[in-house]
Amino acid sequence: MLMAQGLACLRGDRLLFKNVGFELSAGGLMYVLGENGSGKSSLLRLLCGLLTPEEGTVFWHGQAIKQNAEIYQSNLTYIGHLNGLKDDLTALENLQISARLAGNEVNQEEALNSLAAIGIARCANLPVGVLSQGQKRRVALARLWLSRSKLWVLDEPFAALDTASVEVLAARLSEHMSNGGMTIITTHQDVVINAQSTQTLRLSA
Amino acid sequence: MLMAQGLACLRGDRLLFKNVGFELSAGGLMYVLGENGSGKSSLLRLLCGLLTPEEGTVFWHGQAIKQNAEIYQSNLTYIGHLNGLKDDLTALENLQISARLAGNEVNQEEALNSLAAIGIARCANLPVGVLSQGQKRRVALARLWLSRSKLWVLDEPFAALDTASVEVLAARLSEHMSNGGMTIITTHQDVVINAQSTQTLRLSA
Amino acid sequence: MKINWFKYSSPQTFYPLAGKMIPWFAWLAAIFAVAGLYISFAIAPTDFQQGEAYRIIFVHVPAAWMSMVIYIVMAAWAALGLALNARLSAMMAQALAPTGAIFTLLALVTGSLWGKPMWGAWWVWDARLTSELILLFLYLGFIALQSSIDDPRRADKAGALLALVGVVNVPIIYFSVKWWNTLHQGSSINMGAAPKMAATMLLGMLLMALAFWMYTVAVALMRVRCIMLERERSTDWVKELSLSVQSTAGVKS
Amino acid sequence: MQWASWSAFFNMGGYAFYVWVSFGLCLLCVVWEVLALRKRSAQALRLSRLLAQE
Amino acid sequence: MNEAWIIVLKRDLLLAFRRRSDVATTLFFFLIVSSLFPLGIGPEAAVLSSIAPGVLWVAALLAGMISLTRLFAADFSDGSLEQMLIAPQPLALLVLAKVLAHWIVCGLPVVLLAPLIGLQYALPNDALLVLVLSLLLGTPALSLIGAIGAALTLGVRGSGLLVALLVLPLYIPVLIFGAGAVAASQHGMSAQAHLSLLAACSLLSLVLAPLATAAALRISVE
Amino acid sequence: MNEAWIIVLKRDLLLAFRRRSDVATTLFFFLIVSSLFPLGIGPEAAVLSSIAPGVLWVAALLAGMISLTRLFAADFSDGSLEQMLIAPQPLALLVLAKVLAHWIVCGLPVVLLAPLIGLQYALPNDALLVLVLSLLLGTPALSLIGAIGAALTLGVRGSGLLVALLVLPLYIPVLIFGAGAVAASQHGMSAQAHLSLLAACSLLSLVLAPLATAAALRISVE
């Protein structure tokens, strides 16, 4: 369903990678691995359409994502390095707004449930600005419990999480794949995630 | 040499912890563990004098750190969540400036060597702004190869590092302890660090 | 950090004490106000130059006085709070600021209302008017700073520092503004043109000023109680208090 | 007492608008401030009561 | 309603409400800047009233520009902007929502406060009315044009100058028509022509600016 | 030399050099603000020259203030400020170094550019000289006082405009003495008294402001 062909990425005057291609079908999980600076985050941004590839194309159901951006984007959930949270809004408000912006209508109860799922229901009504690094990350990740998108693109979701949260998140990812979803993920940690098919893309610096 | 007595920390209107005390002597390593939001980062900032404890005192060689701040601070290297790097300066410049600001005179060669030690000599002359998350972290951590301070306080130094870098850093920490240094560290990962004495402080949310 | 400097410096003990003091100051304010208003409207004679419009003086001048006094008192509390790390002092400073700003605004508005019939203009760039306007800005800066910092202890400290910087600057501002207006050829009218004050007028103004002063104390105490409740929301004494207020509904704590 | 009549008093020698608006505004500020503070206090108490009963 | 632009609008208004002091500060910036001039120039009412249209409009322009420079900065650095870019809705619409929120929060209060300051500058009553009208018609253009600049400055190194170069010249017509309208009514002439031109500026930028801003945002986020 | 304050000074100058366009923006802002007035007010030389001292000084004040809002913001958000706080040197000294760098980069160019703009406003030669002198004596006070405001509002919601609200009222004496000096020389009087007062303002703030700023920084970083 998601297919990339001959992707090349140029940052500054350095060619990070070229000729990267893959196919990811329903229920598939893809790890993007590589050393620091090998271009994992850049690849993920390419796949989301936030960066334009130097060469190559990304296809969603056979159509280039630039051509049918709206359809593609309504199937996409991307959580990058940055959490996309507003310090002045509460965790609950942040979650609801970001889900709605992505096109999922959610009510307050659903949002609360998803905060509870990742173990920060207690912080639901605190402004995000006062949360710790890991707590903020968890608020951002709580979107995954609300998301109905097919494709999830996650940039180091496990960094700064404590062990309990890592497990909860891994379970959620496994569930997503078992429902026929797709996930592309970068991480430096070893985490067990179950999927109908697992593949690894290794970038070398 | 470093001693804390009856520390309590209030953030907002929440008491994160109270009555925290410990003693750390030369060659000692202390892990500060706890879940997300349990107050690890806050404790580290307390120990550096960046936060004022609600109750309790931190002593360095028997003197309260507020009383002899300059002596204490010249024995302290702190690397927090934030890297303290300027996006517009190169890795090399950043490293030299931050080392000098902490009171270590370093020449260019020493700085280059320490960048090489953590494996980013190649990025030495790139502006830090274009580096990846892990590369930035490594530039910040390169200070540890230049530091002559007794006490190192590190907040999640391993987050976002690839496996090779984690090992290099762990080796450097072990070396520091074997030279009679002290380290206080928070982490969510399992990393083997050798020290003359190892202790663990567990904060519960 | 428990300096038991003074028993009442803890919110828990000060809260009920303040509650007892408020009615006293409120009654004093009312009595002075009645006396002051009686003198200003019934006793004080008509001014032969300004007609009855001059009666505005009985609110204008006390308001202007209070605006200045409150700033100084506020800065003093702030300094005390910074020096002793005493929460109550910082809260008092915070409680005074809005009242000070209101009096400043009142001085400006009543002054304008006086200026229109006397000078034919709502506003002139006279030194005293200008410095009153700047005083309003200083108050607003203090309030804005405090309200945009979430952490109350940080807000206290930052506000205190600002108030102190302001106090150093207020005299400088005052004299520079004064000098500014005398150097440029000034407006043809200035407030010196107001009539030599008769004793009754002075008395009326003094009474009104006293009324304002007592009112300020009462209101500041009320506000400081609110601040305490809000800040110590999760402490036991506030919880108990809130429950007891409910059980004896209508009875003030 | 220097007012010939109540209407003379209210007329304030032709300056009624300026005088009464001045005094009226003062009164308004005072009343508003007191009411606002009572409301604020009641709200704070209600909130902590909710917290306490939780 | 779940249109994305309404969500963005609501979110920005909510944020502004949480930071009410922000709104107040734009207003007070305008107030303070316009009270600085008499202190620098001198208190004579005749001089002040003759320069009032220019001074008030320049103050409004500056207040708008300064509050605008950071229109997208927070969204950019906390990552919400990325999320807006990949939202399944036209970006230009979301941009328009942000600009609208900004204008409601920063532009409108300035418009409403302006006559009070006009009084301090001894402006006559009909000039005050024209002042309000001209600001009402002109400030939307300021917000819309400024958004382009704000989008271009985002994170891009060394674009500060570019923005000033780009935005301020575009502001100049608005300034000229706006101040001109007030001056005309001060001199007893009709301000109609100036006001229509102002409205035309606003309409034109309403059509073009969101598209330009959206394009600039895509470039900045790369 | 390894004194920490020299390192900070060098670093900030280097950063400014890397971002030359930022420096240019301050200058450009000054230029634009002072050239907007003739557009808003009209071209008569007599009016312009009579308002020139005030306008130029207000423009300098605003340019200084706007560039100040970011004096510590970058250091705060990237963590360098923490590192400065735990450096084994008096913080007030480091603050002074930062302010000095800021003045060299933003204040000095404005001082040097001012006579050029004065010419546009038809200021006579001796008034131009006094203008430069007054700016030279007064702008350090602006930077020093502004630093307090910048430090107090660090990381605070909506800090940009808040700084304006805190700092502009404190700038007023400098404005009055500065513009007064130029106006005095315009009217053929001696500007000596004003200039000495300006120098006194700068000296006073040189002594007090770094201490207040350091205290404010410690508060803000908590």
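In order of appearance the chains are A, B, C, D, E and F, and numbering begins at 1 in each one.
Criterion: a contact is a pair of C-beta atoms (placed from the backbone, for glycine too) under 8 Å apart; a residue touches a chain by one contact, two chains touch by 3 or more.
Since the model is a prediction, treat every value here as computed from it, not as a measurement.
Trainee: Setting chain A aside and leaving every other chain in place, which groups of chains remain linked through touching?
Mentor: Chain A out, touching clusters collapse to one piece.
Trainee: If you apply the touch rule, which chains end up adjacent to both chain C and chain F?
Mentor: B, E
Trainee: What's the chain with its C-alpha centre farthest out from chain B?
Mentor: The most distant chain relative to chain B turns out to be D.
Trainee: Count the C-beta pairs in contact for C-E and for A-C, then report the pair with the higher count.
Mentor: Result of the comparison of C-E and A-C: C-E.
Trainee: Taking the mean of the CA coordinates per chain, how far is chain B from chain D in Å?
Mentor: One centre to the other, that is 58 Å.
Trainee: Based only on mean CA positions, could you tell me how far chain B sits from chain C in angstrom?
Mentor: The computed centroid separation for chain B versus chain C comes out at 48 Å.
Trainee: How many angstrom lie between the centres of chain A and chain D, each centre taken as the mean Cα position?
Mentor: From the centre of chain A to the centre of chain D is 57 Å.
Trainee: When the C-alpha atoms of chain A and chain F are each averaged to a single point, how far apart are the two points in Å?
Mentor: Result: the chain centres lie 45 Å from each other.
Trainee: Listing for chain E: what residues touch at least two other chains?
Mentor: Counting only residues that touch two or more other chains, chain E contributes 18-19, 21-22, 25, 28, 32, 39, 42, 77, 157.
Trainee: Residues of chain B that contact two or more other chains, please.
Mentor: 11-12, 81, 88
Trainee: Residues of chain C touching 2+ other chains?
Mentor: 137, 140, 144, 148, 150-151, 177, 180, 184, 233-234
Trainee: So in the complex, which bits of chain F are touching chain C?
Mentor: 148, 152-153, 156-159, 162, 165-166, 168-170, 172-173, 176-177, 180, 183-184, 197, 201, 208, 212, 215-216, 219-220, 222
Trainee: Would you tell me which residues of chain F are touching chain B in their complex?
Mentor: Residues 2, 4, 7-8, 11, 14-15, 18-19, 74, 77-80, 82-89, 221-222.
Trainee: Can you check the complex and tell me which residues of chain E touch chain F?
Mentor: Of all residues in chain E, those touching chain F are 18-19, 21-22, 25-26, 28-29, 32-33, 36-37, 39-42, 47, 50-51, 53-55, 57-58, 61-62, 66-67, 69-70, 77, 157-162, 164-165, 168, 172, 175-176, 179, 183.
Trainee: Show me the residue ranges of chain C that touch chain E in the complex, using the header's touch definition.
Mentor: Those residues of chain C that touch chain E are 121-126, 130, 133, 137, 140, 144, 147-148, 177, 180-181, 184-187.
Trainee: Which residues, counting only chain C, touch chain D once they are in their complex?
Mentor: Per the stated touch rule, the residues are 41-42, 45-46, 51-53, 55-56, 59-60, 63, 98-99, 102, 105-106, 109-110, 113-114, 116-117, 215, 219, 222-223, 225-226, 229-230, 233-234, 238-243, 245-246.
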